[in-house]
Amino acid sequence: MPLPSVSTQTVAEHNSRQSCWIIVHSKVYDVTDFLDEHPGGSKIILKYAGADATDAYDPIHPPDAITTNLPIEKHIGAVDPQTVVKVAKQVTEEDRRRQAMLDARPPLDEIINLHDLEAVAKAVLPPKAWAYYSSGGDDEITIRENRASFQRVWFRPRVLRDVSRVDWSTTILGQKSSMPVYISATALGKLGHPDGELNLTRAAGKHGVIQMIPTLASCSFDEIIDAAQPGQPQFLQLYVNRDREITRRYVQHAQKRGVKALFITVDAPQLGRREKDMRMKAVDDNGTAKVQDGQSDVKKDQGVSRAISSFIDPSLSWKDIPWFRSITTMPIILKGVATPEDALMAYDAGVQGIVLSNHGGRQLDTSFSGLENLPPIIAALKTRGPWPNPNFSVFVDGGVRRASDVLKALALGATAVGVGRAFMYAFCAYGQEGVEKAFQLLNDEFEMNMRLIGARNLSEIVPEMVDASALHSRVGLSPPDNLYLNTYQPLSTAQLKNKL
Amino acid sequence: MPLPSVSTQTVAEHNSRQSCWIIVHSKVYDVTDFLDEHPGGSKIILKYAGADATDAYDPIHPPDAITTNLPIEKHIGAVDPQTVVKVAKQVTEEDRRRQAMLDARPPLDEIINLHDLEAVAKAVLPPKAWAYYSSGGDDEITIRENRASFQRVWFRPRVLRDVSRVDWSTTILGQKSSMPVYISATALGKLGHPDGELNLTRAAGKHGVIQMIPTLASCSFDEIIDAAQPGQPQFLQLYVNRDREITRRYVQHAQKRGVKALFITVDAPQLGRREKDMRMKAVDDNGTAKVQDGQSDVKKDQGVSRAISSFIDPSLSWKDIPWFRSITTMPIILKGVATPEDALMAYDAGVQGIVLSNHGGRQLDTSFSGLENLPPIIAALKTRGPWPNPNFSVFVDGGVRRASDVLKALALGATAVGVGRAFMYAFCAYGQEGVEKAFQLLNDEFEMNMRLIGARNLSEIVPEMVDASALHSRVGLSPPDNLYLNTYQPLSTAQLKNKL
Amino acid sequence: MPLPSVSTQTVAEHNSRQSCWIIVHSKVYDVTDFLDEHPGGSKIILKYAGADATDAYDPIHPPDAITTNLPIEKHIGAVDPQTVVKVAKQVTEEDRRRQAMLDARPPLDEIINLHDLEAVAKAVLPPKAWAYYSSGGDDEITIRENRASFQRVWFRPRVLRDVSRVDWSTTILGQKSSMPVYISATALGKLGHPDGELNLTRAAGKHGVIQMIPTLASCSFDEIIDAAQPGQPQFLQLYVNRDREITRRYVQHAQKRGVKALFITVDAPQLGRREKDMRMKAVDDNGTAKVQDGQSDVKKDQGVSRAISSFIDPSLSWKDIPWFRSITTMPIILKGVATPEDALMAYDAGVQGIVLSNHGGRQLDTSFSGLENLPPIIAALKTRGPWPNPNFSVFVDGGVRRASDVLKALALGATAVGVGRAFMYAFCAYGQEGVEKAFQLLNDEFEMNMRLIGARNLSEIVPEMVDASALHSRVGLSPPDNLYLNTYQPLSTAQLKNKL
Amino acid sequence: MPLPSVSTQTVAEHNSRQSCWIIVHSKVYDVTDFLDEHPGGSKIILKYAGADATDAYDPIHPPDAITTNLPIEKHIGAVDPQTVVKVAKQVTEEDRRRQAMLDARPPLDEIINLHDLEAVAKAVLPPKAWAYYSSGGDDEITIRENRASFQRVWFRPRVLRDVSRVDWSTTILGQKSSMPVYISATALGKLGHPDGELNLTRAAGKHGVIQMIPTLASCSFDEIIDAAQPGQPQFLQLYVNRDREITRRYVQHAQKRGVKALFITVDAPQLGRREKDMRMKAVDDNGTAKVQDGQSDVKKDQGVSRAISSFIDPSLSWKDIPWFRSITTMPIILKGVATPEDALMAYDAGVQGIVLSNHGGRQLDTSFSGLENLPPIIAALKTRGPWPNPNFSVFVDGGVRRASDVLKALALGATAVGVGRAFMYAFCAYGQEGVEKAFQLLNDEFEMNMRLIGARNLSEIVPEMVDASALHSRVGLSPPDNLYLNTYQPLSTAQLKNKL
């Protein structure tokens, strides 16, 4: 049945909190009742009340988000194309800045490590996208710790082994992988590149790397599955919905589409306070014209909080695990475990593995890095039998920028390592080619590091190859003595004559 | 009996150290004999000798300070209003700067953590007020340590607990509190806002938080009590007066007015050297015109020291505790305990609790933070019986800026946590609304953190939820190698082309 | 037989990947087939296809490199001098900068430590040479650690010993040395000075210091041998060639020419990723005109990797040691050992010593400094017999800038210490005189330090003279609290009046 | 016998290395043979060859240095005043800068800690004097460690003690002292103030503080003794001369003049390399006109070294102690002991005490601070009997800037503490008044700290009052991750609107 045709003038009349219609992809929706349920708050929707919201909608929602979430009776109709006034898109100062930055990107040849890709992404991303991607929880201590912890593990390299051939391919949850690294889930990929997560899918297929599909992707789940090559393994990251039926359908659909493992996020009963992101939003909201309702600020914040609770279920608990095992035969991995106690509970609950993760430093601040949690958790799991254990995998993510980071985690007992932001920044900077470059850089680094530590394959990466004695020795400094520093004059080297 | 009327001309004749009259709130006082006893030194009074001192007096004295401290025979009379020449108040450069800063404050919506409130307060406060509030003792090592120590405690979060409902309300010394936090005493609130401590009282009443009333408040004790809502619990912080009779009257009046607990400050037999504050005063004093007496600088300093001794009693000792117990039935808490030895002495002396505090870093420098002292003190108290102990409370204050800080202290055994400066900066920045915002931010953080660490109520905040192994591992660095740093060239990431 | 004469016009016709001739020192070579084997990649050769490459060739190859590596049939002939057009050498901006810097060098009298020589070298070197010399592997953590580790060892000086005469001469592998320091091998000396490694040979001869000749010297091996004085001892550093016959000839030639010891590099089966150097090359390559072939970037990188594999043998292993012992009677030292395990294997394999080295921080990053590896390795060797052991030497290199560094290593059990970059920077800055100055500075420092720690000769440098308890206590910091630092205002000292 | 009269013209003829006369205080001296013996090198004398050297001579020599060191036959005569051409002293740019700085000094009232005095001294001192005073050995690690080590000791304050009266007077080597601090010896006081060390003598007499007279004072020994008040105790610091007879006469003269103790410096068999000072001299020397001899730079350096050896005796050893005991009955203290081994040797040798000192960080670099050496040395001395020991004193110096530093050392077992530079900077900044201010500041700090830690007199300063567990926990950091820091964007607080 064809949708009724609606003129833009009619839409424009519904521009208030009392009656709020919006246009998305030439369809008209009545979102009045949804305003308070919107995870992003009502203000942002009201900004487009009575108007076309497509440009704002696209980067942060999968194409089917609105049709899935809005009851069919709120689908008002199709916009009458005759009534649409083509407005030349205003080129803003920020658009110009961004284009200049894109033009100034160094050629891929000059990219020599993953940090470079991040530096380019930082330059070319819209400030809000950078804030959203790069932010961590609270004081961002954990997000920085994630990176820093790798540098508290040192190598104990062995020499005079014949390393003419080195091989770092492996098997992850039964799937072949060209390296002991998988692409971890990150949300809202279209904020940084029009193709969003598909950049990862395509590059992964080409290079034999496994992608974990995020629940909160900008692309729809099926788009991402469809972009994969035949036989290309993919995993799924899952936020559990308060409505378990939605979750059941989603998981079973994934299994039917060939997804190979289910990573259930357990460290996000509530989203963390990511203050860089919050600040960007707060400033922006206050900068816009007053919206036409009397909603106080306090209410708005509560609204966001409530909206999120309606989606991610804070009541998720160990009691739910048997149910998951009943609805799927995919291996189940709990993503976000941080203590030996919970690692043993996971093992005893019969799941197939855990990810030692702090959600990229975006949730609880001053929680340890996955790497720092690794040694005590492996020690705990050894009380259940020999390690490595073919029936239970331990993954680590957070802060990885070098192949040497990965090898350190493997030496300490990890099965494989997840990398999220680094690959995402790669496509923000250069699209699919950027991700491929990232893979190539990691491969170059794996080859070199394997040779330099004297390991010919991953089974030769043993605990004796690292010194992790400082991993838990992170300390705080005594505050500096500013008065002393005021008068102490640092030594300097000899000066060239023309500087005197 | 009506006060005699005095002309401003007559007052103006008493403008010397030999005879010094001042006007405060249209009353005339002869302060000649009081000059050497004034805690703030004689210079500042002599600046207003023969003139109206009200504007300088108000922010740093309760309204009744002069009438309480000056014998009745020195109350000369009332100013003859006919003789008062209205002088248009000179708008200074600093007044203008301050007003511009006030106008430039970000809207409260943009305030997303307690640090923000401090940043705004720093901008809008008069420099002297900022120096007074923010300064710590000597090299300010302890004041910074207070904050830093919280970040040496890390969380061990538990997952997959049903955290749909979390509750962080508690009971402090028998009084209900909406959070495990009380407002700790800070002095001279009117330096930062005309309503001074009343901002705290009103916000606390609205949000179910307990306020500790400071002995050195700018508002009078009764004003603060009167501003409370019916049933709103308040505590009292006490500096013990050399004249115990004054103290007895003060304590018994407080109990009569309904104060619920008495916090006796024991870490300030003499005020610390707060050098930021001293520097501000020193520069200012030297900048003013020469006063008309021959007092040398050395004498002035001794004068301040003596004056303070005349108010706060350096002889206060354990022998005084029974007397306190004899004059009041309020719970008695010793504020400023720093060692297990003294904690046990307090316990054995029969008081109801202690505050592990270093006076906000304003007294003895290079003393530990309350948080660092917490584990050994709880361990010592456990030798007297099980912990927590319903008859003995241990509070911690100093450096708290996050709900996560509070939860860390609770996990380590604290009953509740005091927050002083952060709430004070909140009203300096935005008045009562600022304090309410601070409460709301803490509540948001409590909700999130409780969920993310997997605790549904405060009884589930257990020692196993934190790793405090680095708390006492604060180290000093070897001094840096400046010659090496002179030649070492740091790595940088890829450069954008237009930067080359 | 005289070489055929070739005109520059004829050479110019062979300017493509399909046929590539170049001129070096007035001789014409066909390098078409060698392009893919060139360790520096084909691009740099193709830049000079059909033209004179002498200026680019000289600093980075020994004079005989091309004749040694290119089959005789590719030696086309001699350039017809009649056809050579003298081109006035273009003076570039960089040439001018460099000359100005050379003119501005401080007189040698103002050089008071080895850091000064490095600072001058940094100023006068061409940027590419500085990048090549100064770069370390990956994040350059190890290269900085090398220096930093010495400053985690502290002296325990003894007093009231008669130190009127102090003597720090010693014997290294049976050879007299005026100090317990030898010149370690560094490559491509002509990048920094036209006389390259000969500066070291001449200064070493004059001051009784032993030079280790690098395989990758800019000067030819025989030039360096010839520049030595009669009886001047020299060592040889060896990269083992995939073609063992080349290695055998090279080693036996060295023994015949009087070389006293053979240092086999074992920590470089593949060259490390030195990103400062890579970045300089990447930017430079992209800045040049497009070369005329279709070679992709990926291929180029693989080409470099392959080319290097064809020279240094990644299959070198413990099994090769007996063969080395069969081809030479020189003492054999393994350079680049990092673990007690490998130290014992070297001892048991019957070699004469090891160098605890990480290749100047240019290979595996986050490997420990030689100094940090020293105590556990000496402890392991003591399980084989008393230490020091006259038949087995342990050397340390990396990061040495002070005589006190050397004495610390000796106290911890080292036989002597290698210094590479510091002497190289000395000649980059001032030629042979710079190296002599470096020796003199070290001698001045040795004299002073021996006296101040109370040791009259090296046998009195005992373990009790140092405190190395912090050597392995290198820690990572908790990330800083930027929000706190945003508002904390550091103390300052009194201000002069005119600054107010 | 009147000295012969010599015209300035005649003097001017002796202006070469072959014959070098100079004028000092209107007397003419032939210093030709002394040139090579001059501790400061010959160059500086040759600069004044044939001319008046008084202005350069005065600040760095006691008045009697030249007459004492030069044989009587080299005392040529008195300048004929008729021939002296009065030259208006050239006012240099530096003179003007210095005068402006002196005029800009803050009034003493604004000086609130010892750092302030140093900051003012740094501003008003001639750059060479600042370089000489402030410099430390080599990389200046030890000089900074001296200060830093105090901040690794923390207080454990006790509360509720009656501290109405606190007393920090004490007895040092049998002499009354108003505080547990003595003035340690520092050299060349006239570089910073025309009255040199007399500023210290006069202030010390007024405030009951004991001064240690330096061998290398700018004022003569007798001047300093004469400036003391009757009964004012003074100590003597001794550099032992190669010619023991000179030392014997000097020591016995000191005893006769009433000196109360002899501190023999044992940590300076050779002067350290103080590179700030050396750099200043090197640049200056090269900046002056070429001197007229052919002396090479190398020779010059050796000359300085030799000259110094001719004065301070590097052969001084334990064997000399009995001789010292035979020539004086003053208590003998060895200044510069750094190990328990040497502390016990000193004890067993029968001297009366030791100073744990590293010569203000000016000798052996990377030696520990005196404070860090204190606990193991006290522990060692306890093996000889109970501590404190009335017959053996242990002093500490280096880096003291606060009374709290002193109390920490006392708690750890020190008898008293030496302060050198801080008092010297005090008179450089403000003459005698500056030193008195320094005493007053220390007294203020002693009073406050004694009260705040709960000690009524020095016998109540016990080991339990400090936590020194971190004193030996000084660590080095892992080098920072510059690539990460390149992209990580620090959090910031809310911005004021006009800053957006």
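Residue numbering begins at 1 within each chain, and the chains themselves are lettered A, B, C and D in the order written.
Operating definition for what follows: contacts are C-beta pairs under 8 Å (C-beta built on N, C-alpha and C of every residue); 3 or more make two chains touch, one makes a residue touch a chain.
For reference, the UniProt names are A, B, C, D = L-lactate dehydrogenase (cytochrome).
Just so you know, these numbers come straight off a predicted model, no measurement behind them.
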| item | value |
| --- | --- |
| Separation of chain D from chain B in steps, with touching chains one step apart | 1 |
| Of A-B and A-D, whichever chain pair has more C-beta contact pairs | A-B |
| Identity of the chain that, by mean CA position, is farthest from chain A | D |
| Rotation in the CA alignment of chain C with chain D, degrees, nearest 5 | 90 |
| Length of the line joining the C-alpha centres of chain A and chain B, rounded to whole Å | 43 |
| Separation of chain A from chain D, taking each centre as the mean of its C-alpha atoms, in whole Å | 60 |
| Residues within chain D bordering two or more other chains | 106, 110, 112-113, 115, 118-119, 139-141, 144, 148, 151-152, 275, 279, 283, 470, 473-478, 481-483, 486-487, 491, 493-494 |
| Residue ranges of chain D touching chain B (in the complex, touch as defined) | 106-110, 112-113, 139-141, 144-145, 148-149, 151-164, 402, 404, 440, 444-445, 447-449, 451-453, 464, 467, 469-470, 473-477, 482-483, 486-487, 493-499 |
| In the complex, chain B residues that touch chain C | 113, 115, 118-119, 122, 134, 139-140, 144, 147-148, 151-152, 275-276, 279, 283, 401, 470, 475, 478, 481, 483-484, 486-489, 491, 494, 500 |
| Residues on chain A engaged by chain B in the complex (per definition of touch) | 100-101, 104-106, 110-112, 115-116, 118-120, 123, 138-139, 141, 266-267, 269-270, 272-273, 275, 278-279, 282-283, 285-286, 297-298, 301, 305, 309, 313-321, 334, 336-339, 341-342, 345, 363-368, 472-479, 481-483, 490-493 |
